[in-house]
């Protein structure tokens, strides 16, 4: 039994964005040399979530709209007052909604590995979901097997 | 330390349905011979989710109603245009909402194992949640210990 | 490779409450003696969820409001009739909404461990989210490494 861990980095280029990190995660599994086991992809962020689904741009727009109804960007979030006080930011940008959406999606996904491949079906992708970009982000890829 | 993996199959009989796979998962744990460790149940699907809660039919109806408000079946999903183009389907059936609900619930659950039993309380069940049935489905049950 | 498991207990003091269990989880990791690996925190409850995010009280109020819209406490839940019948409760307290919110958040979180520390960023906390308190609760902390 072996444990292997690597941090992957990526960049969001918009405030709200789906970033496909499937290939990067698969690469770490290959780097690990582990053929049978599992991988956990973990985010050390509070305004980004992670999911597995079909990377189809119209679908991702649909999902963003649905999430917008869940936590509208133009509602008032008390957290934004907290941020304002902490940082003396004057840009007035709200990220209360970003945290709420991130909490909904969660910080990790776990996937089995077989013959050195993460066991996703053809239309499944690992998507990091940015809710407060654009910025540098990373994820911990933790392989066991 | 040992790894054991088995695919379980089941069938949904309605478009939207909760399928209790607790016994099947427990059976795989028994097949594995692993007494102490953990199990991850992973779905290779994009219009099905997985949760753990009380398998009580009225509660599950409540949850379906709540999910309906989150992603109504009768709203317009751009993804449905994509599907139409890809498949030339003329049944006009929408599954944009199915993907959205699946993304919300996630593709896996993880449960510790003690003395060969998955550590669920008496009122917890593992429920695969179909959002685009009816059809044949499966889940990968990955046991480590 | 080693497996270590411990149950932590805590108390909710309100019907709806976020309970920070980060220190307790870290303590179990220390008790385990495991320096490299991963931890899974699992709830054996159906009206409590678990998330990782910023433990900032105004943010948590925001999130509770958002969850309220998702599953309002003052709507009718069929499950409440079931509960009434089972228990002959006359307090009329609804917990259908509690189950729905719990299903949304999930029953476990998984986090990598490095040099004996759970790999959370400075503003990440592990939060058990009570939706049907107040009462005694517990969580299984399962460490592998």
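Just a few scattered comments:
Per-chain numbering from 1; labels A, B and C assigned in written order.
Just so it is clear, contacts are C-beta pairs under 8 Å (C-beta built on N, C-alpha and C of every residue); 3 or more make two chains touch, one makes a residue touch a chain.
Nothing here was measured: the structure is a model prediction, and the numbers come from that model.
Path length between chain A and chain C in the chain contact graph, taken as the least number of steps between touching chains: 1. The pairing of chain B with chain C is characterised as different-residue: of all residue numbers used at this interface, under half are used by both copies. Separating the centre of chain B from that of chain C, both taken as means of CA atoms, is a distance of 21 Å.
Residues of chain B in contact with two or more other chains: 1, 70, 104, 106, 110, 144.
Those residues of chain B lying in contact with chain A across their complex are 1, 3, 5, 40, 42, 44-46, 70-71, 77-79, 81-82, 96, 99-100, 102-104, 106-108, 110, 140, 142, 144. Taken in their complex, chain B has these residues touching chain C: 1, 36-38, 51-54, 56, 58-59, 61-63, 66, 69-70, 104-106, 109-112, 114, 119-121, 123-124, 144-145.
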